[in-house]
Amino acid sequence: MTSKFRRAGSAVAIVAALGLALSACGGGSDSGSDGEGGSDTSSITFIPKNLGNPYFDASDKGGKNAAKEIGTKWSQVGPTESTPDSQVSFINTATQQRAGALVVSANDPTAIGDALEEARNAGTKVVTMDSDTEPQFRDIFVSQADAAGIAKSQVELIAEQIGGKGEIAVLSAAANATNQNEWIKLMEEELTANHPDIKLVQTVYGDDDDQKSFDKTAGLLQSHPNLKGIISPTTVGIAAAARYLSDSQYKGKVALTGLGTPNQMREYIKDGTVKSFALWDPEQLGYLSAYAADALASGDIEGKEGDKFEAGDLGEYTVGADGVVVLGEPTVFDESNIDDFDF
Amino acid sequence: MSLLAEKVEPRTYAAHAKPWWQRTLMTRDAAIIALLVVVWTYASIVILNFSDPITVYFLVLDITPILLIALPMTLIIITGEIDLSVASVVGLSSVLFGVLHREGVPMVAAMVLALLACAVAGAFNGVLVTRFGLPSLAVTIGTMALFRGIAVGALGTTAITDWPDAWGDVVQARIGDSQIPLMTVPLVVLIVIFAVVLHFTPFGRGIFAAGLSKDAARFSGVNVDRTKLILFTLSGLVSGLAGIYFTLRYGSARGDNATGLELQVVAAVLLGGVSIFGGRGAIPGVIAGVVLIGTIGSALRLDGLSANIIQIITGVLLIAAVIAASVLGWTGRIVGTYRRHHSSEEPSSKQSPERKRSE
Amino acid sequence: MTTTLDAPAPAAPQPRNRAAGRLTSLLKQRETGIAIAFVALLVVTTAVNPNFLFSTDGWRDLTLTPAILVCLAIGQAMVIVTRNVDLSVGSTLGLTAYLAGRLFLDTGLPVIVVVLIAVAAGAVLGLINGVLVAFAKVPALVITLGTLYIYRGIMLEWAGSDRINASDIPPGLLDFGTGSFLFIPNLAWISLALLAAAIYLMRSTRVGREFYAIGSDPAAATLYGLRDKRRVLQAFATSGALAGLAGILYVSRYGTISSGVGQGIELEAVGAAVVGGVAIFGGSGTVLGAALGAYLLTTINRALPVLGIPDFWQQAVVGALIIGAIVLDRYFARRQHDKLLAEREEA
Amino acid sequence: MPDTPAALELRDVAKSFGPVRALRTGSLRVEAGSIHALVGENGAGKSTLVKIVAGLYRRDAGDYLLAGEQVDFRNTADAKQAGVAVIYQEPTLFPDLSVTENIFMGRQPTNRWGKIDRAAMRTEVVELFARLGVPIEPDRPTEGLSIADQQLIEIAKALSLDAKVLIMDEPTAALSGNEVDRLMTVARTLRDQGCAVVFISHRFDEVFALCDTITVMRDGAYISTDPISAVTEDEIVQRLVGREVSNLYPKLEATVGKPMLEVKGLTRTGLFHDISLTVREGEIVGLAGLVGAGRSEVAQAIFGVDPYESGEVILDGRPVPPGEPRRAIEMGLAFVPEDRRQHGLVLDAPISRNITLPTSGRLARTGLISTGIENRSAADWAARLEVKAATLDTVAGTLSGGNQQKVVLAKWLSTQPKVLIIDEPTRGIDVGTKSEVHRLLSTLAQEGLAILMISSELPEVLGMADRVIVLSEGHQTAELSREEATPEAVMRAATAHHSTTLNVSEAS
């Protein structure tokens, strides 16, 4: 069996060489983790729900700008799919790197909790933004706007567009997304309380996947011939829904609103598919989160109610109950102002 | 003594053609273990924070589900079949466990019931493959969608997240003050059990024989169908276990837990030297394959590289591993031919290309 | 041939009633079964909600939505017929779609050139699969599982978090993707044209018949002197090219290219082929069956919510359908086998 | 040398695989319009030679001439193009494709758009089948056809090629009497039409009945070529083996004891009906019949790898459960199957694993088994059977046919059986090992083993068996004592008809 001998020997050599080559190429690219070993109190790691999402691209941009102003190291890593288990690996990695602070947009309120606890035990400060975990897992939650405010504004936008009555539906992101579910719940309450003639007939989930959201929109319109409006409180969803509507028979007949970025929606505002939608500025959200993270990491604040910190251009913020920091009210975009924004 | 009369002098045989160290070190398993050592050493030296003991802790927790499922998967692939439904069974287990828990079933009972259901799901694959004689690839692509669909359908939009902390803590506990997770203990026990069953029992001998030649195994008294049925059931059971682990570790029962895990498991098993044609493979190599993929991922993430590069490397490693065998086999054929045809009449010890249809 | 043989008197092949025979064989065919299932689904769903079929959008979605999967299923069927499988089509689709998007964004190339480049790129990616499968003699399942990771990884790494929006795509292409001709969407026309070409290729050319031969018995193919390596390469390249085209169709229909484009669609393509009667171990099945399988799967996805079944159950239904299809196939194959044996005993 | 070039001529063709010289001096000269026998033991190089002619292998040295022209084929398509057709022992057809497609695969008539002309194909096939007298539906798939029908399709394929050289590699191995007759008729017709036919067979009766010339090969080398009328069977055998063969059937006297294996009324529809037989201690019972008579099927049903519908099997007074080979082995039944490479051995596994596979449960006393335990057991049994191999981890597939058979025997004798069923004990092994196997069977019987031996070789059955049971078309047609068992008696019983549906074309 000399051949087997030879074969195995060469296999060792080749595979080992391959491994070396791979790890060498890995070692070659350093993105902000070199420097002194051990704890790195002055670094901030952003972990969005997933990469390739324009919303988080904007918030990352804000975070990066803030880090530059503060003079700390900044990096962004994340999974390609927005699932909690893939996020955990990246949280763990940040723990290993002894990052000073983590800014996470949670894919699940509890699933990533243990990993965050592990990180905090290792001395890393944890800020959640956009989508929160349960309060005990993080130091501060930077909220884009308070949930009730968002829900109310969404309902008002749609009510105005459909004339206060008729069937509406919601196109959400993942079925487990904390913030989405909370908004939907609050929207329902708002509808019952103030708009009894509007009926929410169905909530569908596009998983922040473009094609899925697109197809779900088609499904909604078919299953509910009397549908008057759609609320899609997620940037991927609203864009996909707008694109579907824009060249369907429903264009202009079925109203659409929700949360979207101006760059995505500009076209549909201009062609009349969408009248208005809302969003806070995600760039500001990232910017504020980075400042909050830095304030925690440098020990300026502890995340208790009443703690105050400076957030660069945005001015001073106060930590509210449960460690929540609220960015502010969302901006409503329509034909009149959309060209003033670029994100 | 000789049965063939007349001659008296009995023949003697060396047990092996090569000394023990060659048989141990010059194998695919040894190669993959060596590669693991090289990568680990390299990463420890070059990559910041990799040598930190906490790396081991996270690594073990991360690879546990893959490792668990890789064990029965190894056995199944050695018999020449494949089970692509494992990750969906993980999801199914997670959801069942969650729903039962939500309905107030005690934790242990919920766990046992979920595991039983997963064993049944595995047996369902097994029955379709053995009784109906269907190709396992097609069957498990179907059940992959079916089981995942049931899991997602049963729980719909919700995730069940109200788990008693104590259970999650057990899953994530460390042994004493070390950075070695407590999970390592049952994991090692399972690995040992699978290794012994595969390599040191008559059942294991049957598994290899069935993979190399289904007919010859059957004609030698190996109950090939029953063996496969047992393995598929086992695969369901262990995947169910992985689902319980998943649920407790993340404190969240979701229908889409572990989506895509099946490909990672298959990649790790094949990387670990198991032949997709069946009949060859060993547990140590598979463990090394799983750990290797985990280590590369961990090291690259620490180095700030994205998940994308890790995907590319997994793919390249997988292809390189299978091609290395066949390319080297090709170059080694000239040498091999001598051995092979030394005493044989026909230049065709090549296997007749097996007809993969069961009629 | 001028020879004659004085062999025993021939019992000449009985010319049966061919028309009747054709009808029964048509009814027995898998394609007919799938088509009937498809029509039944349409009828039931439309009865529940007439909009499903009888509205502009209902009709459009019915014909448009399956177009992309049909493309992939045709390629997949060709590969499976040669006793291989291509799991990388989803990643190929993603990579070519992004490539096309980048070309639109970064270069001013005319649409048709970009389309050709994307198709060619898909063919090259398919060819890589084919070369690895044919020459390294490694099962296609393993190779394409590897390239599934690699192609997807390359796309993600290249794209980073860049996303291509509808505004980056030439409006002409987008209009084409959503437009229709003679009440049938353009994309559906494309997929139907491809289907017709593929049917012709598989039924009536040597290349197609040799695909079947190679999948039916690779050893016999060698003895026949068929160029099996070349054929396997061709099958994979075609599958890749079709995935590339599917990438373009995706761009023209959805306008947005994000990181997840085409993820998991490879299994739908395999599922469509299997449901459509393509045997997973090669040698039998038709591209028409695979295309009908694609129509059935996509339409089920859309029909379930209309029928009041939460769309979470879609996957379960698809899975049950795949299992049902292969069990049924085996049942019919056994019956056919027994029948042939019985005929032999009689003879 | 005659003036006209031969249709096919090979001169000193050599082919090596690595250092192994499969063919050293392959020479063959076949005239057009003749049937030429090519004989040799397994391993003599016939198959290599055929594969070179067919274009499957390329020769290393020597000349290959077709009608006087040097040729060098890169693949089988080239050879076909040049008019060389080969019919292999096992037909190689595409089971999923129609009969017509199989005949034309790779060279279908096409129009200028590349469209296959199906109508033309079908017309030609109908015509071919009419001439061959084949009642096969051209549009049906080849799956499910009998070997004989498949062989006819191969012949039709060769005819449609307008082959000038037709090589038939053991075409009759799996055919029944009628089918052999039909095949020979076809071969003669082809000869009369000027085709050069090469006929490879181990059956001398066929060779002498059919062929005009005979070439003998041994150890990869050419030995002799003679007109068939100039040689006798004994001379040919001597040349084949290279030495005098004596005492091929060393039958020893054994005491016959109590019944060990009793089979009562075993039936499986379509394959065998109401088979009853008894094998006693120390007795060798021969199970004779033509190929396809159902002998192997009966044996496999007794052993439990195949099912049966009714009847029972009793071993040493205890019933053997159906469909459980493992139980049968435990009870003392051993079965050496006919197809060694497919059923007898795990070709890719080492000798030791092969020998210990059926006994691994017994060897694992603590429930565990190790290579050491296996090797000890395997070494013992390999030595008793004198398996020629250097080490126990030699892969079984690399052994010669004879040595493989010894490994199979070692494997089954290691189970310490009470009853041994052996199907074609000496198929495909050289003459030397053949007599060793026969001596072994005699010795085992003398030691009290009950042996049921299936064989297609009449001399083997007559030489070894104490009693002969004959099957025909699945029915038991005779049970003959050693004295009664003459070749004529056995053949008469083997060709006896049981059902009226099968008495076709006796005239041919």
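Observations, loosely collected:
So that you can tell them apart, the chains are marked A, B, C and D in the order they are listed, and the count of residues begins at 1 in each.
Everything that follows uses one rule, which is that a contact is a pair of C-beta atoms (placed from the backbone, for glycine too) under 8 Å apart; a residue touches a chain by one contact, two chains touch by 3 or more.
From a predicted model like this one, the values you see are computed outputs, not experimental measurements.
Chains that count as touching both subunit A and subunit D, per the definition above, are B, C. Among the remaining chains, those touching subunit B and also subunit C are A, D. Greatest Cα centroid separation from subunit A: this falls to D. Centroids of subunit B and subunit D (each the mean of its C-alpha atoms) stand 40 Å apart. In terms of their C-alpha centroids, the spacing between subunit C and subunit D amounts to 43 Å. Subunit C has its Cα centroid 36 Å from the Cα centroid of subunit A.
Looking at subunit D, residues 95, 143, 393 sit in touch with two or more other chains. In subunit A, the residues that reach two or more other chains under the touch definition are 1, 51, 80-81.
Residues of subunit B in contact with at least two other chains: 17, 156-157, 306-309, 313, 316, 333, 335-336, 339, 352, 357, 359.
Contact residues of subunit A toward subunit C in the complex are 50-54, 56-57, 60, 80-81, 204, 209-211, 214-216, 218-219, 221-223, 225, 236, 239-240, 243, 247-250, 263-264, 266-267. On the side of subunit A, the complex with subunit B involves touching residues 1-12, 14-16, 18-20, 22-23, 26-27, 29-34, 37, 51, 75, 77-81, 83-86, 88-90, 92-93, 95-98, 108-114, 118, 122, 175-176, 181, 203, 205.
Residues of subunit D that touch subunit B in their complex: 15, 17-20, 22, 42-44, 47-48, 95, 143, 303, 305, 324-326, 328-329, 335, 337, 341-349, 352-353, 356-358, 360-361, 363-364, 367-372, 375, 379, 382-395, 397-401, 403, 411, 413, 436, 439-440, 443-444.
For subunit B in complex with subunit A, the residues that touch the partner chain are 17-18, 22, 25-28, 30-32, 34-35, 38-39, 42-43, 46-50, 52, 54-55, 58, 61-62, 156-159, 161, 163, 168, 172, 246, 249-252, 254, 256-259, 296-309, 313, 316-317, 320-321, 324-325, 328-329, 331-333, 335-336, 339. Only residues 83, 85, 132, 136-139, 141-143, 145-150, 152-154, 156-157, 217-219, 267, 270-271, 274, 280-281, 310, 312-320, 322-323, 326-327, 330, 333-334, 337 of subunit C touch subunit B when the two sit together in their complex.
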